[in-house]
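Naming follows writing order (A, B, C and D), and every chain is counted from residue 1.
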Amino acid sequence: MSLLTVNAVTSGYGDMEILHGVSIEVGAGKIVTVIGPNGAGKSTLMKTIFGLLTPTAGQITFAEKEITGLSPDLVVRRGMAYVPQVENIFPSLTVNENLEMGAFILTDDFSGQMEEIYQLFPILNDRRKQRVGKMSGGERQMVAMGRALMLDPKLLMLDEPSAALAPNLAATIFERIVAINASGVAILIVEQNAKESLKVSDRGYVLASGRNRFEDTGENLLANQDVGQLYLGG
Amino acid sequence: MDILSRIPQLLVYGVISGSILSLGGIGVSLIYSIIGFSNFAYGDMMALGAYIALGLFSLFVSWSIPNTPLGPLSFGFGFILAAIFAIGLTAVAVVLIDRILFNRLRSHSSVILMMSSIGVALALRNILQFFWGPQPHYYIERIQIATVIPGLGIRIKPDQVFIILVTIVLVVLVHAFLKYTKMGKAMRATADNNALARVTGINTDRVIVWTWVIGGALAATAGILAGIENKFITPELGWQMLLSIFAAVVLGGIGNPYGAIVGGMVIGITEEVSTAFIPTGYKPAVAFIIMILMLIVKPTGLLGKRR
Amino acid sequence: MLVVNNLSKCFGGLRAVHCCSFTVDSGTITGLIGPNGAGKTTVFNLLTGFSNPDKGTVHFCDEEITGLPPHRVFKKGIARTFQIPREWKAMTVVENLMLVPTEQLGERIWNPFLRRRLVRKQEHAIRERAHEVLAFLELTELKDEYAGSLSGGQKKLLELAKTMMGKPKLVLLDEPGAGVNRTLLRRLADSINRLCTEKKTTFLLIEHDMDFVMKLCNPVIVMSEGQKLAEGTPTEVQKKQEVLDAYLGGQYVAVDS
Amino acid sequence: MDTLIGIINYVVFFAITAGTYGILALGLNIQWGYTGLFNIGIAGFYALGAYAAALVSGPPPSAWDGRIFGGFELPFLAGLLAAAVVCGIVAFLIGIPTLRLRSDYLAIATIGIAETIRLVLKNESWLTNGVWGLQQIPSPFYDPIHGGVKAFLGNHPDLQGWIHGLFSKAYNWFYLFLVLAILFVLYLIVERLVNSPWGRVLKAIREDEDAVAMSGKNTFSFKLQALVLGAMIMGIGGGVYAYYARFISPASFKPLYGTFLVWVMLILGGSGNNRGAILGSFVVWGIWAGTDFLTEYFPFSATQAASLRIIIIGVLLEAILLWRPQGLLQRERKPSKTP
């Protein structure tokens, strides 16, 4: 069953069109990675799905309802969460407060969900009262993911979760992503450094210059020499 | 020797005016960090609060709501009730101004918001002047006798103790609000990163309304307390304090409400102590010079973050 | 022409550029490619004085320019563009170009009065130069448009035009092709090519559109983890396994604090 | 006939004041319209210029004056020069700590300097004569013109009444001519500057300061020059006022109202356009003067009427910001000549 369907979406900033009809699909409970060289339109795709950019053509369907052009706060309520690549935490708030902000739209008790997140990221458990601004890149990324998970979303979208992280930390992040997925959350990742991400993915898409180029299982894409050529042209 | 002996007394006066400056400074800082501009109408929002309290108080007197002085204070229940209503009404008025004006200009640069706040400042002040005239109005005309604190030789009036206590209570309340309530945290989050706050599902428009509510309430309180301390109010009451409030905010680090408290106290005390050495009329200039020195030494202020 | 030796720069705990060495030969269009975060833009910033290197040297035309402030670097003959075009929106295209030349007499407040004729003469020369540049890039019809009303691609061309105003020896282009449509991209590549052959301008450019790089650049320098990983003709670079690895799984070294 | 004479005399008086404001608006236009500097201490520079001119040109302290300084009885132009120089120095000192920071700081600092200037004028009697102000500031060529006309009219009592009415205020005509001439010269100077490469840098700073710095220009220096030059022009405006009023005191300078009126004039006329600045000063001064007549029809006290006028101007400012932010005249776009 498909959770998210992006169908021939065209989008961009102002008069600058970046996506020229991109289609992807995320099944419920799956991990999907979108890779591609810089400028391929990966982040633009994320922002368009989440309603930060309005598509000029195409449809986006989520949980069997159309969400094309819906504003972010409504998309959040439908069960989708988004972790931007940079500036994805509130630096002057503590870990606990960052997580609480993730649950801003909830009116009922969310302490159970919060405990689950602390179990998922034990490093954060000891630092609940610490200001996130003083924490390292890897810990910030975990806070950002934790914040996004507070609403118990059906789909978690991560924009380059391993960017600017040391390799061992990046490995930890991907390990956590698998753990989050095991609890039933579908995950859509955008990555430039594709290997780690494709290893854990059920399915992968390759974008180039705002268009779909390849689509296959993660393993097959890793083995596909043509994908590499796409990065290097020719 | 004579000058030095006056300093302890001046320190006490400094804490009193510093209290009022701190309250104003917190409001200016919150508005700056969350809404993103220096609000030059803040002083006149203070005056608005003071006049609404005056209006309600005379109304309550005409309704024979009792105002027997509470203990050693110069005012009683009727005045306190008027003040509380005035604080609420000022908050409402300030939110209305935002809806009509600032909210619609928010897509422009912060300089345009600053400019429009100057228009609001003059309009508010002259609305007060239109209805009440430029002459001073008295809350209570009774003269209060200062008590001398034995041993120290410092004189202080019960009303002044009240001002300091109200300030402490409000600072604690604002701190608790920002620290422990959901809306307070959302306000800090919005100040940190407005775009992320929206992505997270925080209703930033409601955050802005709340910011004005708190900013307006603090303005009214500061205005009323200034009226109690001065014994009278004029439409220029807030404007006369605005420069000192801005100096306090810049000193503490613009956009940091805790810095505003520190800055308010420093400015309040320095202004009062300076009167031992230079003419009283130069108080605002003293604040201004401290501010300029701070800008030269460390533009981010005492508690400011480096950007 | 440009010799970069052992350049290093750390931001916080992050080694953005680490012992990076390469050279750019006169008369070439050199491509600088590499995965995200490889340190390419940081190298540009270090070359042009927008940040100072922790270590290493930069020589330009046999002269050391390490750590010179931007305007001095500019005067030595190195111009650059930025990833995101920064045009002066409410000024016309011509005005945008005319602002660029440094040391304009008329920028001293008294000269428009005291040395009016000289200022006029210089202004006339600068205007002609701007018209020339616009003609060269086939932008003449846009000269009196407000820069803010140009399309994304036209703004990129304007950026290139701005660098040309100073007759630089070396031009650094940061992602000239990003957000530019195919037609304009071809024009951009053509303009760069003509500038190189006709005006003898040397180019060093960061670009992610590989077709663009492969067609235009020779040689190509590949950066990864803040270092030079490979260098060669486009086809040579394409075949190297380590380059592919860098793109698909490379992580640059970070000292996580 | 008398009403007509009255109206003519009023119009002359009106135009003198509007022209003085036009000078201030030109100064502000350099700072805000071309460079984007947010100065809200205009009244401070205005007052400073007026006092500087008065001290340079006025008589030495008299026996009952509190001041012990000034009164050099220097000519008109020397006074205007002093006004410009003093304002320029103060602006320079304010600009140094604030122009590298966000625009809020310049705003707060300029309002602070205006307030400080006001306090100095009030308190430093040795220099300013305190609240009593400076008197007998000589209007240029007052004696020859006023005296000459008076003598002529005295010698010709047979002339009709309206001629007497009209010419008894002849000095105002001369002063109007003087104000307009100064305004025109300043306009030419500012126009030449903003259309020079210097002005081009200012406009670019207004659009995107960082990008100008990246082009190798010292933006701080340009901003400082614009602030200083604008303040000098404002100082000249103050001087022009002082020579006409012949008496100035701290009460002549309402700290915020003056500043505010000039801002509304510039915004309404069209910031970034010098003709707009001058047009705006005449239009807004017209509205200001017009509301004076209007309020007479309502049963308001004098202070109420004054308040009402400021409220009207305040609402006008907000209306412009909301609905016509570009003002009456837009920024000029000069087509480039093809060689």
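What we mean here is this: contacts are C-beta pairs under 8 Å (C-beta built on N, C-alpha and C of every residue); 3 or more make two chains touch, one makes a residue touch a chain.
Keep in mind it's a predicted model, so treat the numbers as computed, not measured.
Engineer: Enter the minimum step count from chain B to chain C; a value of 1 means the two chains touch.
Structural biologist: 2
Engineer: For the chain pair with the highest number of C-beta contact pairs, give its two chain identifiers.
Structural biologist: Highest contact count belongs to chains B-D.
Engineer: Relative to the centroid of every protein C-alpha atom displayed, which chain's own C-alpha centroid is closest?
Structural biologist: B
Engineer: Could you give the separation in Å between the centres of chain A and chain B, each centre being the mean of its C-alpha atoms?
Structural biologist: Distance between chain centres, rounded to whole Å: 45 Å.
Engineer: Just the number, please: Cα centre separation of chain C and chain D in whole Å.
Structural biologist: That pair's centroid distance is 47 Å.
Engineer: From the C-alpha centre of chain A to that of chain C, how far is it in Å?
Structural biologist: Computed value for the inter-centroid distance: 33 Å.
Engineer: Between chain A and chain D, what's the gap in Å when you average each chain's C-alpha atoms?
Structural biologist: One centre to the other, that is 59 Å.
Engineer: Hunt down the residues of chain A that sit against at least two other chains at once, touch-wise.
Structural biologist: There are none in chain A.
Engineer: So what shape is it, when you link every pair of chains that touch: line, ring, star, complete or other?
Structural biologist: ring
Engineer: Give the pairs of chains that touch; include all such pairs.
Structural biologist: Pairwise, the chains that meet the contact rule are A-B, A-C, B-D, C-D.
Engineer: Spell out the residues on chain B that touch chain A in their complex, using ranges where they run on.
Structural biologist: Contact set of chain B toward chain A: 182, 185-186, 188-189, 191-193, 195-203.
Engineer: Using the touch definition from the top, list the residues of chain B that touch chain D in their complex.
Structural biologist: Residue positions touching the partner: 32, 37-38, 40, 101, 104-105, 108, 110-112, 114-116, 118-123, 125-127, 129-130, 133-134, 239, 242-243, 246-247, 250, 254, 279, 281-282, 284-285, 287-288, 291-292, 295-296, 299.
Engineer: Over in the complex, which chain D residues touch chain B? Could you list them?
Structural biologist: 36, 38, 40, 96-98, 100-101, 103-105, 107-109, 111-113, 115-116, 119-120, 122-123, 256-257, 260, 263, 267, 301, 303-304, 306-308, 310-311, 313-315, 317-318, 321-322, 325
Engineer: Flag every residue of chain A that touches chain B in the complex, lowest number first.
Structural biologist: 50, 52, 72-73, 76-77, 82, 84, 87-93, 97, 100-102, 104-105, 147, 151
Engineer: Spell out the part of chain C that touches chain A in their complex, as residue ranges.
Structural biologist: 14, 35-37, 151-152, 175, 177-179, 181, 208-211, 213-214, 234-235, 237-238, 243-244, 247-251, 253-257
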